[in-house]
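If you scroll down you'll find the structure; I have some questions about it.
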Amino acid sequence: MISDTVHPPVAAVREAVARALAEDLGPLGDLTSALLPPGATGRAAFVPRAGGVLAGRLAANEAFAQVDPALVVEWAADDGHEVVAGRPVGIVSGPLAALLTAERTALNFLSHLSGIASLTRRYVDAVAGTPAAIRDTRKTTPGLRALEKAAVRAGGGVNHRGSLSDGVLLKDNHLADLSIIDAVGRSRQAWPGRPVQVECDTADQVSEALAAVVELVLLDNMTPDDVAACVGVVGGRCLVEVSGGVTLDTVAAYAAAGADLISVGALTHSAPVLDIGLDAC
Amino acid sequence: MISDTVHPPVAAVREAVARALAEDLGPLGDLTSALLPPGATGRAAFVPRAGGVLAGRLAANEAFAQVDPALVVEWAADDGHEVVAGRPVGIVSGPLAALLTAERTALNFLSHLSGIASLTRRYVDAVAGTPAAIRDTRKTTPGLRALEKAAVRAGGGVNHRGSLSDGVLLKDNHLADLSIIDAVGRSRQAWPGRPVQVECDTADQVSEALAAVVELVLLDNMTPDDVAACVGVVGGRCLVEVSGGVTLDTVAAYAAAGADLISVGALTHSAPVLDIGLDAC
Amino acid sequence: MISDTVHPPVAAVREAVARALAEDLGPLGDLTSALLPPGATGRAAFVPRAGGVLAGRLAANEAFAQVDPALVVEWAADDGHEVVAGRPVGIVSGPLAALLTAERTALNFLSHLSGIASLTRRYVDAVAGTPAAIRDTRKTTPGLRALEKAAVRAGGGVNHRGSLSDGVLLKDNHLADLSIIDAVGRSRQAWPGRPVQVECDTADQVSEALAAVVELVLLDNMTPDDVAACVGVVGGRCLVEVSGGVTLDTVAAYAAAGADLISVGALTHSAPVLDIGLDAC
Amino acid sequence: MISDTVHPPVAAVREAVARALAEDLGPLGDLTSALLPPGATGRAAFVPRAGGVLAGRLAANEAFAQVDPALVVEWAADDGHEVVAGRPVGIVSGPLAALLTAERTALNFLSHLSGIASLTRRYVDAVAGTPAAIRDTRKTTPGLRALEKAAVRAGGGVNHRGSLSDGVLLKDNHLADLSIIDAVGRSRQAWPGRPVQVECDTADQVSEALAAVVELVLLDNMTPDDVAACVGVVGGRCLVEVSGGVTLDTVAAYAAAGADLISVGALTHSAPVLDIGLDAC
Amino acid sequence: MISDTVHPPVAAVREAVARALAEDLGPLGDLTSALLPPGATGRAAFVPRAGGVLAGRLAANEAFAQVDPALVVEWAADDGHEVVAGRPVGIVSGPLAALLTAERTALNFLSHLSGIASLTRRYVDAVAGTPAAIRDTRKTTPGLRALEKAAVRAGGGVNHRGSLSDGVLLKDNHLADLSIIDAVGRSRQAWPGRPVQVECDTADQVSEALAAVVELVLLDNMTPDDVAACVGVVGGRCLVEVSGGVTLDTVAAYAAAGADLISVGALTHSAPVLDIGLDAC
Amino acid sequence: MISDTVHPPVAAVREAVARALAEDLGPLGDLTSALLPPGATGRAAFVPRAGGVLAGRLAANEAFAQVDPALVVEWAADDGHEVVAGRPVGIVSGPLAALLTAERTALNFLSHLSGIASLTRRYVDAVAGTPAAIRDTRKTTPGLRALEKAAVRAGGGVNHRGSLSDGVLLKDNHLADLSIIDAVGRSRQAWPGRPVQVECDTADQVSEALAAVVELVLLDNMTPDDVAACVGVVGGRCLVEVSGGVTLDTVAAYAAAGADLISVGALTHSAPVLDIGLDAC
C-alpha cells in the first residue's frame, strides 16, 4: 500500500485552511477568546468520540499555525491509523486564546476528513481478501477535492480521476451521437497515451467496448450477477469497475463477482464526520 | 417564515463555483466532451432519485453560466420546496459539450446543499407543533459556510453564529480562568449590544448564568429531563438552546422539554447528499 | 477594558499587507533602493509627529517581514498606548534596501490605523466618567474593516456590527412596508438568538419598538434633549444608542443625556492620519 | 484638463468592490433585508449632505451590479463635477432587498472617493490662477491606490508616482552612503529614460542636484520664502515640487513662490468623507 | 482530429487575462490613452507579420471584454487555422481609448499562443504521413499551462500529462531505490486504472519495462537507430514515446524509426512568438 | 551597473510560484513520487546543458520551499553570472519525494528566466563599447512581467515601462486625432513630472517631437542610416530609442548609429530557454 506520508498538495492545504479561517474568524476575530486573561496558555487533546481512521492532520496543523505559529501540535497517530473512542490522538498547546480561536476550524477539517477515511476503511475491510480496490469518484465536496482524495487514500482506497482532464470516460450522453468504436477511435487520436474508459449498462455494450479496445469498462447500476457475467465476458482483457448503488451491504458481493475496482460516491459525498473533540488536559 | 428568496451572498456563490470548476476541469478541460461533434446541443432534466428538499439552485445556475453563458437553466421548484423521487425539478439546455462539462460541478453543489436542506427539514418536521426551532452550528464544511447556512434556512432551520465575531459564547475552556459573572461582565464591556450565551453542563451553571443576566443558555449534552428542569429554572428569563447528541429520535423529546432552540451539528457535517441526477430529455 | 492583545484576524492582516505591497512595489520593485550599495544595513525609529494613540503594529511588522524576513522590528509601545510627538515608539533594523522598500507601506498602515485609534480616544475621553461607550459603524474604508475595527478597540471604542450578517437593524427603508411589531416578529422567527435593533426618529417610534421588545433603539439625528426624553421613555428596558451628527463638541451632551452607546461614523471614515515618520537612527 | 472619462483600471474597481462586499455581507448576507416582502422594489436618490466634488461612480455602480444586475443606476453628474448639498446626483432603483444590501458598500466608496476629490478641489482652487498643480503622494489607503488616485484626478489634481517602480526619487536615506551626483549617475545607468527626482532640504542640495542634472527637485519642509529662493536657483532647469506641511492656508503662498507642483499627502490620507446619503424617492 | 472548438478551461482564460491586465494597466491605467478625445472610436485589424497558425483568440477576446464590454471582436479565422503574413485575421472596434489600453495584453496572448501553435504545426508537418503524433511536455511557462496546452492542440499536437497527478511516469531518480518491476507493481496497487510509463535509456530497460507490463516506454535521448531497435523490442506491446533533443531536423527520422509519440519541450518553452500586430483600418 | 541583489518584488515571486505549483501538482499531487520509500532523501545539482546567464534563483528557491521547507538549496552562482555547460551552478538536497515533486516547477522558472537573461546578454555584448543600452518592452509573457523584467536586468539590460501607468508613449494610433504638439501639451498638463516619449516613423516627426520638447523619441522600424540621420537631428536634446526588427545581426549597427537605447521585444517574447537539468549527485 502507498505510504502514509502521501499528502495532499501543500498549496491545496494552505489555501483551504486560509479560506476556512477567514470564514470562521469574521471581521472581528473571536469575540469570546478576546475575554481571556492576556498570557493564558492551554493544552488540549484531540479525542475521538468514536472509533475510525484518522485523516487531515496536515490541515489541522496548518489551522493552528496560521492563527499563531507559537501553537505546538504533536500527534500520537498518523493519517491512516485506526483510532479508538476516548483515546487521545494528539495534543495541541500554547497561547490559549489562539488555541480556542483555531479549534473549530482545525476540528472541522479533522472530523470531515477522518469521516471520509473511516467510511472508506469500512468499505475496504468489507472486501478484504479479494483483489478488489475501493475507489472514490468526482462527487467530492466543492473546494475540497485534493484533501478528500487524500483522505480516501488514508482510508485505504484509491483515487478515480482527479479532474476531467485526467482521462476519457465515455458515458451515455457522450455516446448519443457516436458509436463506442468511433468514440474510442477519436479518443486515441485526440488523447493518445491516456486511458479510455467506457460506462456500460449491458453486456452488449461491454462486448462493443472490448472490440474497441479500452483500458476499463465501468459497469453502472448492475446487480452482482450481471457483473459476474460481464467479468466473464471481459476475461481479463481490461479492468472492470463497478459503480452505482454500492453499499456496505452489497460491496462484498460485487467484489466476489470479480470487479477490479468498486467506486463509491458516498465516500466523499455522504460520509458522516468522525466526531473528534478537543479536551483540555 | 423567511422568504425562500433569501440567498447566500452572491460573492460567496461566485467564488465557490469558480473554485469547484477549476478543480474539476483541470488543466486540459473535459477530455471526453471534447470528442463530441461540434455544434451538438443537449437538454437534460434534474431528477431527484429520492424525496427531499431542494437547495443550491443559485450555485448550479452559476456553474453552467461560468462554463458557457449560452446554457439556459429553468427551474420548476424553488429552494426550500419539497421534491419527489423521479419528478424533474428543472431543465438545462444548450451546447452539449459545455453542458456535460459543467454537469458534475452543478450536481455536486445541488446534491450536497439539498442534502443539508433535506436533513434539516426532517428535524424541523420532527418538532412541528412545538415552538422549538432547529439551528445549525459552526461545524460546517470548510469553505462552504455561506452556502450551507443558506441550505439550512431552505430546510426551515435557523442559523447559529455565522462566525466567531458574531457574538459571545462562553464555554468550559473560556471559563477555566474566569467565573461566569466576571466573564459576562467583561463581555458586556467589551462587546456591548451583542448577545452573550453561556454553555452550561449543570443546573447550577444555569442559575449562575441567569444571575449574570445572559441572552441564552446552551445546555450541552443533557437528557430531555435535565433540560426540562433547566427550562423550569430559566422561567423565560432567557432563551434555552440544547446541543449535543440530538438525533432524529430524540429531538422531539428535547422540544417537548421546552427548549427554544435545538442545535444539530449533523445538519452540516454529516448530511448525506440528496441524490439528484441529470437525465437527457 | 479588553486586553490590548486582541488583534485583527491574522489572515486579514496578511492579505491586506500583501495587497498593499503589490500596489506599492509595482512590477519592477523599488527603483531607488536598487541603487544602494549591496549589503548596506540601516536602522530607523518610528517617530510620531504628534501625540495620539498607537495602532497597527501587526500590519507594520507584516509589511517588513513580507519584504525581507531579516528585518527586525522592536516596539516600545503597544497598540492602544498613548504616544508623544517626537518620542520614538519602535525601531526597525536590517538590510537597508528592504527597509526603505517596505517603509511607506508600513507607515501607511500605522498612520491610518493610529489615526483611527487617536480619534476614537478623543471621543472616549470626552465621555469619560459616564457609562457611555463610543462605537464605530459599518462606514469603514473598503477592504480594511477588520483592521479599522481593531484600531477602534485600541482607541478604547467598541464595535458595531462586523457585517450585515451579525444582527438585525431595522431602518426607515426596511419599515416602509412593515410595522415595527411585524418586523420584529419576523426577525425573532427568522433569526432567533440575535439582537434586534430599531432605528427611531421619534419618541413614538421608540415606544413602538419597546412594545415590540427589542435589544436596542438607535436614536438617529436627535438633539441631546430629545435623547434624554427617549432615555426616560426606555427606562432601562433596552440599550439606547445615539447616532448622526455626533461631534467632539456634542458627544458629552449625548452621554449626559443617558445614551449607552454613541456611534460615530467619523472614527473610520474621516479620521486624519496620526503622522508617524521613520527617522534613521 | 484630462477628460472625466479617465477611470481607474477596471480590474482594480472590480476587485476592490468584491472585497468590500464580502466584508460587509458576511456569511449570512443581510439579515435585515431578508425580512422584506419578496418582490418589493425600491428607488432611492444619492443626496450629498454637503457640497463637494463627485468621484467613485464606477465603484458604486459595480457594488450594485455585483449584488444584483437588475439594479439600475442613473447619474445626473459625472466624476469631477461639483455637487450641492441636498441636490440628488443619481438614482438607483430595482429589487429593494438587493438595493439595501448594496447600499452601504456603494456609499462607502462614493463618500470616501468624493471626499478625496473634494479636498483636492479645494487645494486646486486655492492655487487657481497660478501655474502650480496639486499632486498626491504614495500615502494612500492600503488597497485603494488606483481608486484614490483616480479621485485625485477627478478633483483636478495630478498623480505622483503610482508605485516605487515608476521613477527614481532620492531621499535622505538613500543619500547617506551616496553623493547626489553618484546616485543620479547610477540612476541614469540603471533606469535610463526614467525621471530622476531628488528631495532637497537646503538650497545647497538643490545646486548639487542641478549640477547632477535631474528632472525635478522636491523641496521638503521649506517655508515659502525658502522655496522662492530655490526656485530662483533652479531657474527653470527642472521642475520644482514642494512637499511637507502644506495646508489650505499655506498652499497659495507656495504656489506664489513659484513651485510647479505641490504635493499634499492629506489628499489621500486625511480627507474626510463627502457625506452622501441614499434617500428613498 | 479533435474539433477546433476545444478550448482551454474558461476559468483559466479569465484569470490569466485578469492577471495580465492588472500587470499592464498598473495603478493609474493607460496614461497615454487618457489623452485621447472623449468619445473617440477606433477600428483595427489583427495582421500577422509572418505565416503561422492562429491560437489564443479566446484570451484576446477576454482582454478586450475585460477592459470594455463595448469593444467588439470579429474573427476571420479560427484557432488552428493557418494564417498568412499581411492578411488580417480579425477586427476589433469600439471605444478607442479602451481598444488601445487592451491592445498589448491581447496581442501578448495571441502572439505567444500562436507562436506555440505555429511551431507545433511545423513539427506535425514534418512527420506527416507517419503515424507519429507530436506531444508537448510539462515544460510550460509558469501560470499558462492550460492555455499553452490548448495552443499545442490548435497546432495539431497532442497533450502529455496535464499535471503530476495525471499518471505515473517513472524516471531515473524514482528508480534509484526501486526496480522497474517493483515500481510498476506499486503503481498498479496505488493508482489502479492509470497509465504507467517508464523512461528508458537502454534497450535493457525497455525489456525490463515490458516484462513489468506498462502502457508506454519513453525513450530518452536515443538516436533514431536506437529508437528503431527499441521499437522492434517492444513489438507493439505498448506505446513508444521519444523525447530529448528532438529538433525539426531530426523529428522525421524519429517518426520513421517507429515512435508513436514524439515529445518536444521546445513547443512550449522555446517557441518564438508569431508576430501579430494591430493596424488601424 | 546595478547590483545583482536587485530582485523582482517578493510578492510577485511568491504568487507566481504558488500558481505554477498548483498547476503542476494537480488535485492528487505527484503520483510517481508517492511510490518512493518513506524517508528517502536526495541530492541533485543544477547543471546547465549550455552556456548562458543565470536568472531566476529566487523563484527556484521558492518552489522548493513551498513544497517542503526542509529542502535546502545552495547556489554557486548569482543571478547575472555566466554559466558554463556541464558545470553545476547549485545543489538542492533533502526529502527525495518533495525534491522530485518541485523539480519541474523550479526548472521551468530557472530555464525560462535564464533564457531571457542569456539572450539579453548576447545583445548587450553585441553593443559593448558603445553607450547604447539594451532595453526590454511590454511584450512579456502574461503573468510573469516582474520576473522577466528582473531577468532582463540580470542579463545586463534595462527596463522599459513596467506598465501603461509609468509614462506617456505617444504612438500612431494616439496621434490620429491629435498633433504631436497638442498631445505633448496635454501630457504635460495631465501627467506632469512624467517622461513623454513619442514614436516617430520619419525625421519630420522627430523634428516635430523636438519642437514639442520630449524626453525621448522612439524611432520605429528605421534603418541604421535613418537612425543616424535622426540622431543628428536630435543633437542630444533628448534620448533616442530604436525599436522594431532589431536582431543580433543588426543591433551593433543601430548602436553605431548613435541610439541611446535599443529595445528588443524578443528578449521576453521569443527567448529560448537556457536548458538547465537537475542531476542526482
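Order of writing sets the labels: A, B, C, D, E and F. Residues in every chain begin at 1.
The rule we apply is simple: a contact is a pair of C-beta atoms (placed from the backbone, for glycine too) under 8 Å apart; a residue touches a chain by one contact, two chains touch by 3 or more.
Here the structure is a predicted model, which means the values were calculated and not measured.
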- [ ] Show which chains lie in contact with subunit A and also with subunit E.
- [x] B, C, D, F
Open item on the list: According to the touch definition, list the chains common to the neighbour sets of subunit B and subunit C.
Closed with: A, D, E, F
Task: Far-end chain from subunit F, centres as C-alpha averages - done: B
Task: Matching chain pair for A-E (criterion: over half of the contact pairs shared, by residue number), options C-D, D-E or B-C - done: B-C
Task: Length of the line joining the C-alpha centres of subunit B and subunit F, rounded to whole Å - done: 51
- [ ] Measure off the straight-line distance from the CA centroid of subunit D to the CA centroid of subunit F, and report it in whole Å.
- [x] 32
Open item on the list: As a quick test, compute the distance in whole Å between the mean CA positions of subunit E and subunit F.
Closed with: 22
- [ ] For subunit C, jot down the residues that touch at least 2 other chains.
- [x] 2, 23, 25-29, 34-37, 145-146, 159, 162-163, 165-167, 186, 190-191, 194
TODO: Name the shape of the chain contact graph, picking from line, ring, star, complete and other.
DONE: complete
Task: Residues of subunit A that touch subunit D when the two form their complex - done: 23, 26-27
TODO: Would you mind writing out the residues of subunit E in touch with subunit F in their complex?
DONE: 16-17, 19-20, 23-37, 40, 42, 44, 59, 96, 100-101, 104-105, 107-109, 111-112, 115, 138-146, 162-174, 176-178, 183, 186-187, 190-191, 194, 265-266, 269-273, 280
Task: Residues on subunit B engaged by subunit E in the complex (per definition of touch) - done: 18, 21-22, 25-29, 34-38, 66-68, 97
Open item on the list: Which residues of subunit C touch subunit A once you look at their complex with the stated criterion?
Closed with: 2-12, 145-146, 149-150, 159, 162-163
TODO: Over in the complex, which subunit C residues touch subunit B? Could you list them?
DONE: 1-2, 133, 135, 158-160, 162-163, 165-167, 186, 189-195, 197, 215-216, 239, 241, 260-261
